[in-house]
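Two complexes are shown next, each including chain A; its partner changes from chain B in the first to chain C in the second.
Coming up: the complex of A and B.
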């Protein structure tokens, strides 16, 4: 089996529908006219339940890709201390993450059924796994475990809140458990980044730049934000637990706000045209 | 209650553990190094295969099993310094080149259509051999001096039996035609021949020699 398995080749059964990231984001059931992206996800909102189901499907396919990404890190890099090797203990962490992500896939399937959706009802883009293809292990770890798993913290926290508002104890219970795992995964990324780059500030800077690129890509045109009304709200407290400092969280919030403003400006130009 | 000052046997009547064992510290460390090496190769390939199998239940199961074998590797990694090997990497090695050839062949399949070949290699060849090697070690090492190794093997064997059953059931659910039976059998034979050449997980003598009859 080769190293660096490309996103195009991710193996799926016939139920799955692969779509570009833009198509997934622009799916009207997710955040279109019936569910404006400026609004917090609420059951009472028109299109709210559809938006929640769409988000749950996104979580489901995201968990599959997170599982695949962690698994590939076990395979792609030998244990060792060279630049393109990783410490033995980091590989063990990635194997542990595989188990966690497998459970998250299981939970997501059960929750999807619980919420009345099914596998393949929404499209899947391979955007998350793409970040797990970086050939530099520390950039990959930073992109996945700090940027994407950090996003997962925000998403799970938002879904947990949605479950509370909807009076759905099953959803709230499951999201709370997955949130605990995600904090662990992000902390793994934070700890390994500091440890491996302790004597290599240049590499740490490159890794953090890559993380910021991934974070910007996944600000979802402003879907994520620091406002109480953001559909996916930055979960500051949980990010702190996972090793983010205030400055880093503020930077993500600023990027998200910028993305939101850009999107609003593009949409207003489109509307006036 | 009996008089607490009354002398009791140091080994209770139900404790029949014996002092002698077949392995000295050096031999035990060598075997443990081989165990760590094969557990690493196994968790790595299970993780790598997750992205390549389309069957959703298999994909998730490989992710769970990946961690089991990583944990086994960690147990052996921690055991090596206790066996006077202060550089665990030195003994983290295959028993011979034939074992490397086996692992290379076992990890070669990648295509989405090769789930049978992937699963057969792990669950019908490698894991049965691991169970054999661990069982031999458990039953032949000193039950008193090497108790920490026995404790790890006991935990590991629980995983191995459960994973073996999971893997076999996945295979039985995927193999549905005579042609697929032939594919699975051919794959098993191919890999079993390589394993025989290697002599087992720790090389020749992995499970002792039944033809070595002790003199009366």
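Coming up: the complex of A and C.
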């Protein structure tokens, strides 16, 4: 079995259609900044329930890719203390994460049935898994467990709120349970980053820089933000529980605000043209 | 006469002839009165899924480009989605023109709850005509507006299976379901 499995080769049945990143970038309607949802998703909005279905399908395919990513991290690195090896206990943590992600996939399928979404109804992007292809295990952990699983915390918390407002007990419970697991996954990333780079500040800096790059890539043109009306609100309390300090959370909030302002500026140029 | 605009699509990969043929087929399937003209205006610049009935004689249908787009394939046309949207709006136009149905207020005066109830009644009829209806999706939408309650689900079933309702009956079913929401009792 090979190491470093490419995203193009991930196995899917014919219900799934992969949307290439270029297709989004080359979409002439996007003006480089397509962001159709600029306010917090609420059940009372005309397209609120359909927006929630689309968001939950994105989470569903994200769970599949998180399972694949954690599984690869178990396999791709030998146990040991060299730069491209990992402690055996880290592999155990990744195996536990695989178990969690498998459960999340099952929950997401049930949730799709509840919300009336067909498996594969929306296109799948492979960008979560791409972050899990970094050859450095610590960069992979910061990119996936801290940046992307951190984003999952924000999304799950936002969707849990959506379920509460709608009075939907199924969505609320599912989000709450998965949210608890995500906090654990992010904490694993935080703990291993500190442990493995304890005597290697240069590597820690590189890992945190990679995390920031991934965070920025996944800011979705300002979709995530710190203010109450953000479509995906930064879940400060849960991030603290997952090992983020205030400075790190403030940096994510600042990057998200910058992305939002950049999008507004591009859209304003597009509108005036 | 049926008219589809624009005649040429540059932002999305839609084909004018395909859409015109689809609207013609749907009009026949839902029993549209052939003496009433239909215009379908597609705003190809907007990747969102908004759509509305703007007139009933002639029938004026407006859709944002994303409404006819395949959610799996960016900028590609999805006939199933287009059929259901056109069929739904044509049936709504027929309801509005029917004296038996009763007077319907202008779109902007219809609450989201009642609009969802009417939508349920219309898509239920499309389901029986063989259109893609996504019943569970419609139920989820209805529950989000009217509450996750047995009373709400019963109202949904009544709307979905009914062959002939009046506007007043739709409003009444919507109101009764909304009144059963837990917070409505507080």
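Going forward, the second predicted complex is superposed on the first by the 257 of 273 C-alpha atoms of A that agree within 3 Å, B and C clash if a C-alpha of one lies under 4 Å from a C-alpha of the other, contacts with A are read in each partner's own complex, and residues count from 1 in each chain.
In the analysis below, a residue touches a chain if its C-beta (ideal position, glycine included) is under 8 Å from a C-beta of that chain, and two chains touch if they have at least 3 such contacts.
The model shown is predicted, which means the values in this text are computed figures rather than measured ones.
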item: Chain B versus chain C as contact partner of A:50, first or second or both or neither; value: second
item: First, second, both or neither for A:28, with chain B first and chain C second; value: second
item: Which of chain B and chain C A:206 touches, first, second, both or neither; value: neither
item: First, second, both or neither for A:114, with chain B first and chain C second; value: second
item: Chain B versus chain C as contact partner of A:167, first or second or both or neither; value: second
item: Contacting residues of chain C [partner chain A, same complex]; value: 10-12, 44-50, 65-66, 71-75, 112, 134-141, 143-145, 147-148, 181-183
item: Of chain A, residues touching chain C in the complex; value: 17, 19, 23-24, 27-30, 34, 36, 43-44, 46-50, 53-54, 113-117, 120-123, 166-169
item: Complex contacts: residues of chain A adjacent to chain B; value: 1-2, 5, 9-13, 64, 67-68, 70-76, 79, 88, 91-92, 94-96, 98-99, 101-103, 105-106, 119, 129
item: Contact footprint of chain A on chain B as seen in their complex; value: 40, 43-56, 59-64, 66-67, 69-71, 73-74, 77, 107-110, 112
